[in-house]
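Note that the chains are named A, B, C, D, E, F, G and H in the order they appear, and that numbering of residues resets to 1 at the start of each chain.
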C-alpha cells in the first residue's frame, strides 16, 4: 500500500505585508494541475495573483475557464489573476534595453511593475553598437531614479549607463545570443564584473526580480525610513 | 628605437557630479608606481580619493611619505587620501554578515560608506546555522531601508533576510569556504538563483560596489526624484 | 558477417541481501525493449522490481500488458512491479520540500521508501522565503531521525534545517529554477558548501538515492550493529 | 571620522543541544587575532572547542600561550581546546581511504570523532587499483554501520564499497590528483553520479562534515527515535 | 548575384593505406543530401564505407534506395555500405560494459571492429555496483590483449579493470546518467584522473574511436614493427 | 490597467557609413512578428537588409508575401531583402573549411561577403586528418590576403594554416562534434590558445562576424588609410 | 642505464618569410637554461629575437652576460635580442585601453610592433565608465586602420569602439579584475559575444598576438595582394 | 584521549605480475615523511621503485641519505630507487613533442620507459606552427608502432600525427600556455575531440601514464596473446 498524494503548496499571503512585495507563482517547473489548484485557492480567498514563466503551451493546457479568467501576455509569459490597479505614474523607473530580442524580458518588468501600480518608461533597442540611440535618450534617463537595464550578448549597456546617470542601475542580463553567450551567462558575468560603480544585478532573464527590486526602492523605502532627510 | 612609455591614467573627476559616486582607485592590478602617480595627481588637484584592494604588501611598497599620508585599514585593504566627513547618521543602511570570516568585506562596505558620510549599522556573524542570532536582530533589521548582506559558502543569509524584511537586500557573496565554494562562485550563484523576491547582487567580495549602490539609493535618489512621495 | 546482438543485462538479485537495498532499474537511458526484457526476467524469477525515471512517454511505449501490470506514478516517473508491503510506520523519516515545483522529486522519495515498507511524513512547500511555514513544522521536524530535504534554486532549506534539528539531514538539490540555477548545479553546490554541520548530499533530483540512504539508516543499521547502545 | 571596528563573532554555544553537534571554528578565512579572541571567549566561558583548517603557519602565528594550550595535529590541521573524552568504542564507524595521500583528511575524520568520544576503525590505502587490499578488509567492513570513504582522483572506492556492504557509506572526495582531477571536483562528481545505491557525499576534503554526519547517525539517532525498533 | 553552392566534401580514400584505418563518415552534423552525395561518390568508386551517428530519423530521410542498400543498426546508429568481411577471430579484443544503458556505444565498438574483420568478445552489464559480475568474467578478461571498457555515471569500471588485467584498457566514458553526470563529462574525467596505471581514454560515447585504436593495436602494429619480438 | 506594448526596434541605418558594415538583423531570438515589422520598415525606407540565423521554421512562419520577397538560403539560415550587387572579385579572401559538416557556416561567410559585393574563393573539406588535401590548395592559399578558416572538433586547421600562409587567418570555430567538443567551445579555445602567430578568432559558428572582419580589411582599410604605403 | 637528455628546440627561422611574422620565444614555461641555449643559437646565427612572457624573476636568473645583452621591459615582460629598426610611422595602428591596469598588455603590443618597425599610437585609460574620455579621442580613432582594444573586467570598450569606427578592432581581453572576472575569461567571452560587427579577438592578455595580427594587416597584406584596388 | 596515528600505506607489490606495470609512488600529495617510510619499506623488501611528481623542493626535504640513494631528474621530477636495466631497444616507441616547453613531460615518458628497459626515440619541438619540422621526421615516425605525442596550447600535433602514421598515437596534453589554455584543459579536450581516427588520450601532463600504456602495448601484449598473427 503506497502513500497517497499530499497537498503540495502553502501560499505565503503574508509576504506583501512582511516584505512589500506580494507572492508570485513561478510556473516554469509546475504542472498545470498544480497551477490550477493554486489559482482556485487564491480565488477562493480573494487574492490577486501574478504568475510568471507560464509558457503559452502550458497556459493553453489550463482548463478553459481559467484561461479566460486570466490576463495573459505571451511575450513575457506573465498571467494575472484579479484586478490591475490604475498606474499612478512612473515614479522615476525606466526600462532600457539593448536590442529587440530582449523585448520579452522588458515586458516582464513592465507587467510586474504594472501589477503593483507603477507605469515605467520604456527605452528599447538602444544598445551600444549604435551609441547615438542611447545618447538621444540620455537627458530623460538622467532624470530617473531607478533604471532597469536589460541586455544580452556582451551586455555592455548596463555598464555604459551606470557611468552616465545618477540613478541606480539594476542590470538584467538576458539569454540573447549563441555560442560563448552561453544562454546569458556571459552577459551576467559582464554585468557583475563591470568597471562601473554601483551597478547591481539579478539572475538571467529575471525581469520579475528586477521589477521587485525597483518596486522596493520606490515604494517600500518611501514608507519605511523617516530618516531619509 | 622602441616607443617610450606613455602616461597611463586619466582620472574621471567628473564622475561624482555625473553619477553621484566619486571615482575610486582599484589597486589590485596596478603597480606601486602607477598608484603613486595617481595619488600625486589627486593631491595636486586637491581631490579626496578612495583606494580599494590595496594589499598590505603593496601599501608597504609605496614611498614612506605616501604610507604616512594615507589612512589605511588592513582588514578591508582600503586606503583613503584626504579628509573623511563627519558621518550624518545611518540613513537606514545595515550591514549584515554570515560569519566572522566575512569581516574584511564588511569593513570595505563600512569604510566606503564612511568615506561618503554615512555610518551604517553592523550586524555581524548572524549566519543561518544558528538562526536565533538573526532572530535577535530582526526588529532592528525590519526598520532598515537598505541591507547589505555579506555571506559566503552556501550564502543562505541574503535569501532568508529578503523574505523577512521590507528593505532592499543587496547581497555580497564572499569567497569564504573551500572545495565547491569555488572562491565564492557558489555563494554568488545562490544569491542570484534565490527564491526570495527583489534581491540584487554584486560581484564576489565586492563590498565597495554594494556600498556604492546603497549610497545611490539613500543619497542620490533622495535628491533626484521629486515624485517619490 | 557482422556480430549478432548479445544479451545486455545481468540482474543483481543478490544486492538486497548484500547491501540492504534491492536493485532498481534506471530507465532514463534504456530502450523500451530492454526494459521489457528485464521486467520479463524479473517476473519469471518472481522478483519485485522498482523502476525509476520511466518517463510517461516511455511508459506508454511499453507493451500494453506491461503497462497494466505495473503500478505507475507520472509525477515521480516511478513504476513498481509486484506487491507493495503494508508500510509499518514512518520510522522517523521526514520529507521536507522548499516549493511546489519540487513535488516530483519528493514523490520519488515517498514511493521508494514505500516500496521498502516505510511511510515517511511529508512537509511540503516550506521554503525559506516564508520562514513561518518552516517554523510551524519545527516541533514535528525536531522529532525526526532522518530528514530528506528537497530544494532547488539557492537551496537554503537544507542548511537552515540542519541548524535547527538533531536528526541527520540528507539534501536533495533539485533542478528547479533557470539561468544561474544551472539545472540544479547551484542548489547542489550550495548544499555541499553549507555552513551547517553534518549535512550530506546526493545527486541533483536523486530522490531515489536519498530514500535508499534513509532506508539504510533506519533499517540496515538497526539490524546490523549491536553496539549502538 | 570613520566607523570603529565592531565585534565580529557570536558563538553558537547552544548548537550541541539543538543539533547534537557542537560548534567548531573554521579557521581557513579567519585572521589569527579573530581566532585568539574566539579562543579567549570560549576559555572564559569554559567551553571545549574544535578548530578546523588551522594551517601550521597560522597556528604558529597565534600567541605562544595559545599554541601551548591547544592540542594541534599538523596532518589534519585540527586544534582542540579543552579536554578530550575517553573514547567509548568505535560504535561501528570505519574510515576507509583510497591512498596514502588522503591521510590528512582521514585524520580530520578521526580527530573530529575522537573529540566527540568515538574511536573509529581505520582502513587506509585500500584503493581499487589493487583490489586485493579492499578484499582483505571486507569482512570487517561488512560489520560496520557507517563507513566514511575517503578518496581522490577518480574516487571509485566509495562506489565499490557501497555495492559490497550493508552500512551507510559517506563519501569524502579529496583534492588528491592533478589535471582533470580539478582539485577534487572530479572525485566529488564521481561520488554524486555513482551507480551505487544509497551513497551520500560531503564537500571536497570535508572530513569534519563526514565525521559530524557519522556522529549524528550513531549518537543522535540513538537517543532520539524510540520507534527504531 | 550571390555565389553558387560549391562541392562540400573530399573523401580521404588514401587514409586506410596511410594510417591503417579507413575513413568513416560522421553523420551527426551533415544534411541528408550531403550524406547521399558522399554515398553516391563512394559507390561510384567502389569503396566500402562506414557511417557513424546516423540517427534513425536521418536514416529515414535518405532516399529509399539508399535506405535499402545500407546495412543499418539503430542501437549504434551505424550504417555500412558494401560487403562486410568474415570476421577472423577476436584477436584478443574484449568489450566490457558497466550497464545495460551503455549498449548502444558497445554496439558501435562491435560493428566498427566487425567492419574491419574482427569479432570482439562481449562482457556486458558487469558494473562495479555488483562486483561479483566482473569477478565471474575475470579469467576470460585476463587473457585479452585490449579491453574496451564502456561505462557512464562515475565510470569506476575502467579503473577497476586496469588494476586487474594485463591487457591495455581503452576507456569509453558514456553519457549515461543525469545531474552531475553532465552528459558524460564526469565519467570522462574519472577515466582520465584514474589512479590505475596505463589507462587510455577517448571522447564521450566514442565507441568508434576506441574500436579504431583497438584495431591499430591488433592489426597495424602486427604488420608494422618487426622488432616486437 | 496594464501598460500597452511599445515599439521594440530602432534601425541603425547610419552604421554602414560609420563603420563600413551595414546593420544586419539577428533573427535567433526575435519573434516572426518583430522580423516582419523590421522588414516592413526597411522596405518603406528603401534599405537593403541582411538577416542572419533565420531558421527554416521561422522563415516559414513569416507572411507568405515576405517569404517570397526574400532571398533565402536554408544551409546558412541567411535571408536577404533587396538587390545583391554584382560581385567584383574575391579581393584575396579565401574560405577554408575543415569538414563537410561546416558547410552551413561557410555559406554564411560566402553570402555575407556576397551581400557586400565580394566573391570569396571556397576551399572546403581540407581538414588536417588528411593533410594532402590542404597541401593541394596551398599555393592558392598563399596568395590570399585574408583566410576565413572554419573548423570544429579540435579545430587544428586554423593553427596549421596560420603557420603556412602570409595572409591574416580569421578562425571561425564551429559547433561540429559531440561530447568534449562542447558545442564548439573546445574548437574556440583551441583557436584562441593556438601556438600559431597572428591568428584572430570570432564566436562559435559566427560566419557573419568573420565575413564582416574580412570585409573591413579588404574594403574599409583600403579607403581609409593613405599611409599604407 | 637511463636515456640521456636530448636537444629540445628547433628554431623556425623560416617563419618570417613564410608568414610575414618572425618566430618569438614564449618564455612562460621554459627553464632559464633552455632560454639561454636558444639565445646562444640565435646569436650564433645572427638572428634578431623577440622573447615574450619573460618574468622579471626569470630574467634575473639568466647569466649576467645575457641580462646585459638583452633589452628588457618589466611591464610587458618582453626582451629583445639584437637591433630594433627605426619605426617608420604608425601605419594607422592605434592601441586603446580601458584602464591603467591594462598597461602591461598595451606595452606588449607596443614593443612587438616596435620590434617590427611600427610605432603605434597610444590611447590609454579611456574605459567606458567615463565615456567622455573615449569621445575626446574619437576623431583620431576614426582615422585608424587597425585598433587594438585592450580591456578587462566586463570589456565593454572593444564593443563600443567597433560601433564607432571604420577600422578593424582587434580585442585583447585582459585578466584585470577579480571574482566573476575569472582571470579574464569574462572579458574574453564578452568580446566574442559582442553585438558589434566585425570584432575579432585573441587570447587573454595576448598583446603579442594582437600586434602580430595588426602587423599582418598593415604589412603583409600590402605586399601580397595586388587586387586590393 | 585521541586516536594515535595509523600506518598509511600498503604497497601493491603484486601489481607488476598482475598488470604488467609495477607500482609507482605518486609524490605530489604525500608528505616527505610518508615518502621516506615507503622508500624504507621498498628497500627492506628489495623492490625497485619509481617515484613521480617529486618536486625539487620535496626531494631536498628528504633525509640526505635518501637524496643520495635515489637517481633524481629535476626536469621530469622523477626519482628512481634501485638499478635501471640496460634498455633493449626502442621497440618502436617514439616521443614527439610540440615545443620546447613540453620537455619536462617528455622526459617523464623517457624515464618511465627507461625504468622498464625501453629506450624510446625522441622527436622534440616539431609543433605544427612550423610544419616542415614534422615533415622532416615523418619517414622515421611512420615506422613506429606507438607514438606518444606531447603537446600543449591548442595541441594540434596529435591530431595531425594520427592522420599521417599507421602507429597508435597516445596524446599527452600539457599545461603549457596561458589564458584559455586553462592549465592544459583546452589541449586535453582538443585531443579528445579530434577529427583524427584512433587517437587515445591520458590526463594533462601525464607522461607517466602514456609511458605505461606504451609499455603495455609493446611488452605485455607481446607475451599475452598468441593469436596476434
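Note that contacts are C-beta pairs under 8 Å (C-beta built on N, C-alpha and C of every residue); 3 or more make two chains touch, one makes a residue touch a chain.
Small disclaimer: the values here were computed from a predicted structure and weren't measured.
Colleague: If every chain is reduced to the average of its C-alpha atoms, which one ends up farthest from subunit E?
Modeller: B
Colleague: Pick from B-C, A-G or F-G: which pair repeats the contacts of E-H, with over half of them the same residue pairs?
Modeller: F-G
Colleague: Which integer distance in Å separates the CA centroid of subunit G from that of subunit H?
Modeller: From the centre of subunit G to the centre of subunit H is 34 Å.
Colleague: I'd like the Å distance between the centres of subunit B and subunit H, where a centre is the mean of that chain's Cα atoms.
Modeller: Centre separation, subunit B to subunit H: 49 Å.
Colleague: Report the inter-centroid distance (CA atoms only) between subunit E and subunit G in whole Å.
Modeller: Centre separation, subunit E to subunit G: 43 Å.
Colleague: Could you say which residues in subunit H touch two or more other chains, in rising order?
Modeller: 15, 23, 99, 129-130, 162-164, 175, 177, 179-181, 188, 192-193, 197, 203
Colleague: Identify every two-chain combination in which the chains touch.
Modeller: So, checking each combination of chains, I get A-B, A-C, A-F, A-G, B-C, B-D, B-G, C-D, C-E, D-E, D-H, E-F, E-H, F-G, F-H, G-H as the touching pairs.
Colleague: Give the list of subunit E residues in touch with subunit C in this complex.
Modeller: For subunit E paired with subunit C, touching residues are 71, 75, 80, 84-87, 99-101, 103, 106-107, 110-111, 114-115, 119-120, 122, 124-126, 129-130, 132-133, 152, 175-181.
Colleague: Spell out the residues on subunit B that touch subunit A in their complex, using ranges where they run on.
Modeller: For subunit B paired with subunit A, touching residues are 15, 18-21, 23-24, 26, 89-92, 143-146, 162-168, 170, 188, 192-193, 197-203, 209-210, 212-213, 215-218, 220-222, 224-225, 227-229.
Colleague: Please name which positions on subunit C make contact with subunit E in the complex.
Modeller: 1-3, 5-10, 12, 14-15, 23, 26, 28-31, 34, 38, 53, 175, 183-185, 188, 203-206
Colleague: Per the contact definition, I'd like the list of subunit G residues that touch subunit A in the complex.
Modeller: Subunit G residues touching subunit A: 98-99, 127-131, 153-156, 159-160, 162-164, 177, 179-182, 186-187, 189-197.
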